[in-house]
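When the chains are written out, they are named A, B, C and D in that same order, and each has its own residue count from 1.
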Amino acid sequence: MKKLINDPAKTVDEGVAGFAAAHPDLVRVVVDPPFVVVRKDAPVQGKVGIVSGGGSGHEPLHAGYVGYGMLDAAVPGAMFTSPTPDPILEATKQVDAGAGVLHIVKNYTGDVLNFETAADLALAEGIEVQTVITDDDVAVKDSLYTAGRRGVAGTLLVEKIAGAAAQRGDSLDQVAEVARTVNSRVRSMGMALSPCTVPHAGEPSFELGEDEVEIGIGIHGEPGRERIALEPADRMVDRLIEPILEDLPFQQGDRVILLVNGMGGTPLSELYIVFRRAAEVLQERGIELARSLVGSYVTSLEMQGVSLTLLQVDDELLGLYDAPVETAALRWGR
Amino acid sequence: MSGLGGGLDGAWARRWAEAIAEGVADRKAELTALDRAIGDGDHGENLDRGFQAVLGKLESLEEGATPGAVLKLVATTLISTVGGASGPLYGTAFLKASVAAGERESLDAAALVEVLTAARDGIVARGKAELGDKTMVDAWTPAVDAAAAAGDDVEAVLDAAASAAEAGAAATEPLIAHKGRASYLGERAQGHRDPGSESTALMLRAAAAVA
Amino acid sequence: MKKLINDPAKTVDEGVAGFAAAHPDLVRVVVDPPFVVVRKDAPVQGKVGIVSGGGSGHEPLHAGYVGYGMLDAAVPGAMFTSPTPDPILEATKQVDAGAGVLHIVKNYTGDVLNFETAADLALAEGIEVQTVITDDDVAVKDSLYTAGRRGVAGTLLVEKIAGAAAQRGDSLDQVAEVARTVNSRVRSMGMALSPCTVPHAGEPSFELGEDEVEIGIGIHGEPGRERIALEPADRMVDRLIEPILEDLPFQQGDRVILLVNGMGGTPLSELYIVFRRAAEVLQERGIELARSLVGSYVTSLEMQGVSLTLLQVDDELLGLYDAPVETAALRWGR
Amino acid sequence: MSGLGGGLDGAWARRWAEAIAEGVADRKAELTALDRAIGDGDHGENLDRGFQAVLGKLESLEEGATPGAVLKLVATTLISTVGGASGPLYGTAFLKASVAAGERESLDAAALVEVLTAARDGIVARGKAELGDKTMVDAWTPAVDAAAAAGDDVEAVLDAAASAAEAGAAATEPLIAHKGRASYLGERAQGHRDPGSESTALMLRAAAAVA
């Protein structure tokens, strides 16, 4: 394990401290209970507060999205481990301006349970909370009898668009509704060329041969659904995008936002090679590319790999996507 | 042995928590390795963080605390330090167990079975897993059943529970998971033991060992 | 070699094609001669044009910095290979609006020579060209008798600030002067945890043992000056920042922009751990952190590692740094 | 042999370019490996791209082109396809060589020495490297010197130049570099041969082989 860290037990602490030092214009950080990254000017009077969080190791998710037009607070847990209810509750209190708070929670048992407890405690303190669970990963078959789909990179789009709705002054019900709409129209799927190593574990999350890749990975270094031989990038893209297109299903004439997301260790040049083919497939299918986002936005430490995310948009969602945002990792219009 | 009449008192509950902390610290790497195979590789780390915190809290707990008070302290500490799926699940388990233990100074076999049943029910209520879903429930449910059938001796009850939990954990190996992270793997989860079922077996064996 | 590519010989072509497809709102791409990435609305009437370029493999440099307030054109060469004069000349012609063109060139023999030829050819066509060479890498000892220092991540700051000067309407002389000032006040140094693999070479640029790192690397997968045992991140930061601070030298009371730059395969969380220590050192030295930039901005394919860059600023440079920029990889204020 | 009177004609120049193209294609990996050790691992790839383009251009060159015309075509093609440091340097070398060759239909020994000298001088003028800086100049300068001393036979001149270039390339191994990417490595460049000196030796050996 070769990492730029000091002590495996301190990676989250020091990463959060570095983030706070780098972005004092955007955020303040609560260290007790550890950790809450709060929008500097929260609570914003009259505005619905938005809180997200989850295990660390997915940077810039979520702290990188705290700021004007997106999240009011992020709650980073231990590495790949949901935060406990205490900091989630603290975040909820810090961002509540009387208009209520939306919890955006990726669908993992741990995240769901801990946010649930925090929401109960917040309610007991008189704060209105609504929760939206994201579950955009088509690699996992959904069913009432399973844990259901995972929330992966589509979460970013839920946070961006709900954040814009909150920023323009929508009510809690409206913001939650927008978030649910985005989640219902967004689909993702990912693959890995290499595993990642959780610092305290010291060993890679799985082993891959020199010619092997994992298809259908999540964002926690879990193995995927399938291990296959490495193929050319275009073929890999086809393997990821087909199940996405079929799932909603996306149709000719649809307008979409395409997110090509690096898993943390993938160079940008490769993401653009992937993008090229994905855009080509959309064109072949008569689907209009309305907006593009290419970069490492929702990651698994140093994993090499990529995920594709498609969101079907209308004018309303596109307007919210285009609305100004000012965070460490996503910024435009301000 | 736990005092006159064979009941389990607050000191036992304290020894139990300490024994879990020791067992988890010893077997942290093993639990994490199980989780790496079919989860995200943090289960040992998560529980160790929680039970080390429990050790710290136990120091400030008053001498003659009841079993229920000890269990409650374990519960709240786990809830606020473990995170992940196992934090709320074990936290709820100990919380429901403490409620079942109530104000009792010591637990006889019947009370113990009540306590264990409440713990299991708490996990099921929150996690919605059924027997065979390849989760910690696969250790808890056989344990509770065996405990209920073990008779009046608390040591026998705990020993039966621990053995059944161990067998239940082993029996998760061939299963496909329907809850938790292992469920994302489909058939690839087969051949691996569920980490939460293994930590449950560890906890229940610790309970018997210090009784 | 495990990469998301199709054909090693086509990585640059397909990467540029993907970039063009992803950012039609920002750029257009000339494919003959291959390749020039031009700001969509170039030439901008009355504005000095700014062209940069160099070997590919450093993405988002330079194409990611084409747009309002920064570059007017980028000329990506083959992988780690300076472009030839033809596309540099084409870029120069495309962005010239009569106010002249500035070439920003990283100090490598190949880049310098090819840009030199292109500038001569442009001059012959009546276009006024000035050239600023960047050479911010303190790992290399400077001397009249050597190739001199390399241009590395500091180039990004030269491009940003010169770009802002051009955008506000400065003359060619003024823009060149600003660029030279920034270059004279910026210093960088980098290290690698892992090598990178040029696709057509198929083998890593150097070999490192499990516990070894290279100190003083450039951005072309070259080995560094020194190979040492991996140490904790804070110690690594000290090894990089000391030579930087001594070189200018930076002094108590100085205000600086700190860029913590990932080499391509480094997770953001590690960059923030590095940032934490670097900010701490600045504080210990009484140097004021005026602005921070943390991310993978000037890379070497999938190399894992980091470079630190410090730029000493005054109000004038800070104002230009803060001025609006709208490019694929750097964006604020618009 | 290259026609009557032992002079080198346009057909020789063409064969030379083709022989370089073949040699570079054959030894691409080796040149790149040298560059990987102390540069950025692209030298073979760069030259191969350039000389493959030269092959294409040669097809459209008129039959009886002079040596100067062939050399000029090689020069402009290298300049616009190679890039990197070696592109402009070799491009300039062939450009200056073509100017030195002028309109001559064939080159005798004296003209050949002039041509080689002009090539070397072009490289030095652009790259500012001195002998011993561990660059292609360390192959070119001994080659030019040996050529000048080799007498009146063009084959002897080319053979002397090639041998001296090969020796010069080998002699770069112990050196510390002062120009090019290898200069960044300080003492770590010692023990490695400069890739550009090796490609120069390849080019000059090719010239002799097809004479």
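Here, a contact is a pair of C-beta atoms (placed from the backbone, for glycine too) under 8 Å apart; a residue touches a chain by one contact, two chains touch by 3 or more.
Predicted, not measured: the structure shown is a model, and the values here were computed from it.
Would you identify the groups of chains that remain joined by contact if subunit C were left out?
A, B | D
Determine the shortest chain-contact distance, in steps, between subunit B and subunit C.
Between subunit B and subunit C, the shortest chain-hopping route counts 2.
I'd like to verify one number: the distance from the centre of subunit A to the centre of subunit B, where each centre is the average of its C-alpha atoms, in whole angstrom.
Taking the average C-alpha coordinate of subunit A and of subunit B, the gap between them is 32 Å.
With chain centres defined as C-alpha means, what is the inter-centre distance between subunit A and subunit C in Å?
Between these chains, centre-to-centre, one finds 29 Å.
With chain centres defined as C-alpha means, what is the inter-centre distance between subunit B and subunit D in Å?
That pair's centroid distance is 77 Å.
Which subunit C residues reach two or more other chains?
Touching at least two other chains: none.
Could you check subunit B for residues that touch two or more other chains and list them?
Correct list: empty.
Edges wherever two chains touch, nodes for the chains themselves; is that graph a line, a ring, a star, complete, or other here?
Shape = line; chains linked end to end, path left open.
What chain pairs are in touch here?
A-B, A-C, C-D
Give every residue of subunit C touching subunit D within the complex, in rising order.
Going through subunit C, the ones touching subunit D are 33, 55, 77-86, 108-110, 113-114, 116-117, 139-141, 145-147, 150, 198, 200-201, 203, 205-206, 218, 220-223, 225.
Which subunit A residues qualify as touching subunit C in the complex?
Touch list, subunit A to subunit C: 2-7, 11, 14-19, 21-23, 56-57, 59-60, 64, 193-194, 210-211, 213, 230, 232-234, 236, 260, 264-276, 279-280, 289, 292, 294, 296, 299, 301-302, 304, 306, 326, 328, 331-334.
What does subunit D use to touch subunit C in their complex?
32-33, 36, 38-42, 45-46, 49, 79-89, 126-127, 178-181, 183-186, 188
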